[in-house]
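Below you will find the structure I want to go over with you.
So that you can tell them apart, the chains are marked A, B, C and D in the order they are listed, and the count of residues begins at 1 in each.
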């Protein structure tokens, strides 16, 4: 399929989704690990490893999968590779699994193209990072026009992906999110800015059908306390049961236990997100490999220019992971 | 008293406080409004207005008062004026009230001097903003040495005041706070960075006697969910009952009500902190004046270079405040 | 040509360039306008307009053209469109013209692929923006490895493109540039950070064959004073003779005249770069259209999400441009 | 003199200066070292060392002295100490020397008070850093009002001190500087932002009697090329002759030599400013002590919380300094 053969029709109310494809909002809650994409020693896709990881995560309590996000090194893949990865995810996860695919591009038209491609490959929803190359020009007017145009033409429901750290510092504000929440094909936001006042402001104003997700397990419990319904959490690749358990305890009103567990996982979360990023996440998968249905110990290859952790960094990381491994939730 | 007459003896374990002065950690929790300092038309101190405001706040459920903080325009006062203001606060609040005084200065020695002065004037604890003029040099080594030296010599227990917006962006990290929590004369932190992962990390590691406070009502409920015990909240100058009620509901396990109230106050909170700052806080006091034991409508004078809100800004602010005034908690 | 058919052999000393293709370092100096890419009302490429603009610029004193840079909305084009644009540039500029093509991508391998494609399409050198999606991980080690790998395998000589504003704030430091200057296939840097101390440090340490360019006309004269040999300057799309004249006057030792002219163009430069960006550059081309071999007045269409200037912004911009138009250099 | 006894009359045109005190604009050009303040092992003022340093700098070609600036640790001194230091500077420098004193405070009124005190102690001009504690509120309206009020009432001519690194990132823009340049008692700006486009814009618009100074030796030559008339340069404390020589060569039209010398000093400049700051400057004075009329090798004591360089940092610094020491200008 060439880049030009995708036709992006205007969004049509009432018949807007490819039949049976779109994620049902009723089920859009809970914990979604953003899957890393695996490579071999030559930096080529290792789809077998990818599918193994998906199988390992099934049954741990997670609600679905995010593919082609920041942790998936989407920006390091070609268009064709992205399709292969989404298809592999769908094959491994089964037809009922929720699969949300990163679809953001710098131009509005390429973002729409990506949404169609992702739909074709089997995704249920599109996670759309804002364009930020021309960050200083991305005011509310530009962002609203962009997201509305994408939502108008996307066959998949759109989830706003607010992540300043991956968008040159661009932080979509509460008012803009609330405007976009009025579009029938924009169903939620994954917010990685960690600003709870903003989340409270958003959840207080949007309809219940618009879902707010924390963008990290580091502030899952606080986000839940102000009305978030789940998280897209890198840590859930490593400790899915722990992360899901925080939400279960919260829902059950067992706040003190939730707080204790939240505190136990936060250092590990910081390590595989802020501190060491994707290389840290992959190293963590390597360091916890070999038992309990986990991955092989050589799963951590990255695409350049990402560099693997140094030996000292791996030692530090293992120490941090061990503290979580020794808690009861595993 | 000259600036040089203050003797700052080493901290002595077991007899470290001026008798009866130090804030009892057992009571160190709840909501503390950081008081604005009032001025007349000539920018001179209006201590009568100040004492009236303190009286108005008494009995609303607040735990105590923060004086000489960012909202108190401490940086606009002379050393002598700061003493006058603290003394006026003590006089109005009564001998049993908790009064926490901002004492941070750029040099370690001046910070210690300030702690002694504040003690003399009747404060119960010292809130210490980190030095940030030489921000790039304020690494962990420098910050730990600074706070430990201050805590060693201060007659008042020290509360760390982490507020990047008022400290040139300097953000004291979790590890540094945890190190400082080990000092017997450092009893807590007011954290205005709004990073819940960090608060969770801190509360998970420090002893229970070290108290963590949110630095704003905007994320009070999320902060409580990860173990904070209260807040220093500018909004509590205007809506003390609302802010206190969020914590009461949380403590009572009535999370959904707490969440609703949190969402109701967050826009007003943003207005009087991030958006309009101290001029916004004072304008809000003016706009809600005239009834219910509130202040006079001319309470909003600022010291230059701070400028009053424009008329349009006042209109915007009033609209935001009205939404809170119409909720049931008042 | 598929994305996968590009073979990227290791750089071979002495036979490293596609014959006759590589830019001769001896001629690598002077003023290079970074060309905007033109679109029609449907946001499709308008290559005729593009070639007209190139013809208009010929003979104004410029040294060559930069294509597929930030001003060229490279990030809004598909891979195929980029090739079309480079080919159109070569066709319009003639076989002797210097054409430098933006080739940076997030992955090392895609950057190399781009260099080969650009070579095939007729470019003489590759301008490589650093990967910045994972900005926090792009330390010196990662950047040196990336650029060296690209330079090893690129058929075109590589020019480092340091532009924090387009790279999430990532600023390649002097030491890293000096290390990279040691690679035989890295021939220069276009630095848009505007840090003259850094440029002085670089020019003082690199061999004369490594060329330093200002990334804007706004600090052309200061950059020349510390050893830069020219500029990639958006303003040269509008006022090529003025920008070239600054360098001519400097070279002739007529510093005072250079300074006067530099001061005359700086406000217009700020308007079409920092203040209004690419929409401003295109609006400026529209506002100066219609005479003197200039473009048509409908040349300013952008690809979404970029938005055209408001009417008020156009009025402001015209006022600024008029001050330059009335100087003698036109 | 109490803090309250200073009367700050409105500026009176034609008789505005304390007789014979104000710096004559005609002489306001050249290189001004911002003097460090020296301390003994107990962190008390060492005024003898201070006066020795001033004597050492006399006759090296510098135009005058800046006291109570960032390098003078002004924020670490009490009000009384600041007066002592200015008086000591005047005594050592003699009655004809130009002495510019840092006078910026957070409030407008305290800044005016400081200008009067500095005048009383013998300063010729006031260098005024903008208030930045409430940085987000310091828009153009607030800054213009502040500086105009200070200039109206200051007995000393005012020099704007734009230094984002010491003002929480606040950067006074070109338009604001140009507005302020219209005030008869504002005679210049020391700009440490290093933005040459801005300097070009300012020098192109202000009257010749308004003087623009680079805030660092790191970009002295580029700043001169766009119309600056000198620099306030920390490096001039260590290598006054080198820094002055750059300007002499520029003035003589010997650009190539100027460029070579500029490149030779830039690494040392970076070390004692950006990299190591005031501790680096003092360490550099220690490391170059002992000959040639230089200071004693124990001159580097700082006030806490500033920390001395580590041994490794001193080794690195010495290596950098040696490269300058071996150039011919010493």
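Here is the rule we use: a contact is a pair of C-beta atoms (placed from the backbone, for glycine too) under 8 Å apart; a residue touches a chain by one contact, two chains touch by 3 or more.
Keep in mind that this is a model prediction, so the values were computed, not measured.
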Inter-copy rotation, chain B to chain C, in degrees (Cα atoms; steps of 5): 180
State, to the nearest whole Å, the distance from the C-alpha centre of chain A to the C-alpha centre of chain D. 50
Chain A to chain B, mean C-alpha position gap in Å, rounds to 37
Multi-chain contact residues (two or more partners), chain D: none
State which pairs of chains touch, listing all of them. A-B, A-C, B-D, C-D
In the complex, the residues of chain D that touch chain B are 3-4, 43, 70, 75-80, 106-110, 131-138, 141-143, 145-146, 149, 165-166, 168-169, 274, 277-279, 303-307
Under the definition above, what is the set of chain A residues touching chain B in their complex? 194-197, 200-201, 203-205, 216, 218-219, 221-227, 253, 255, 258-260, 262-264, 266-267, 269-270
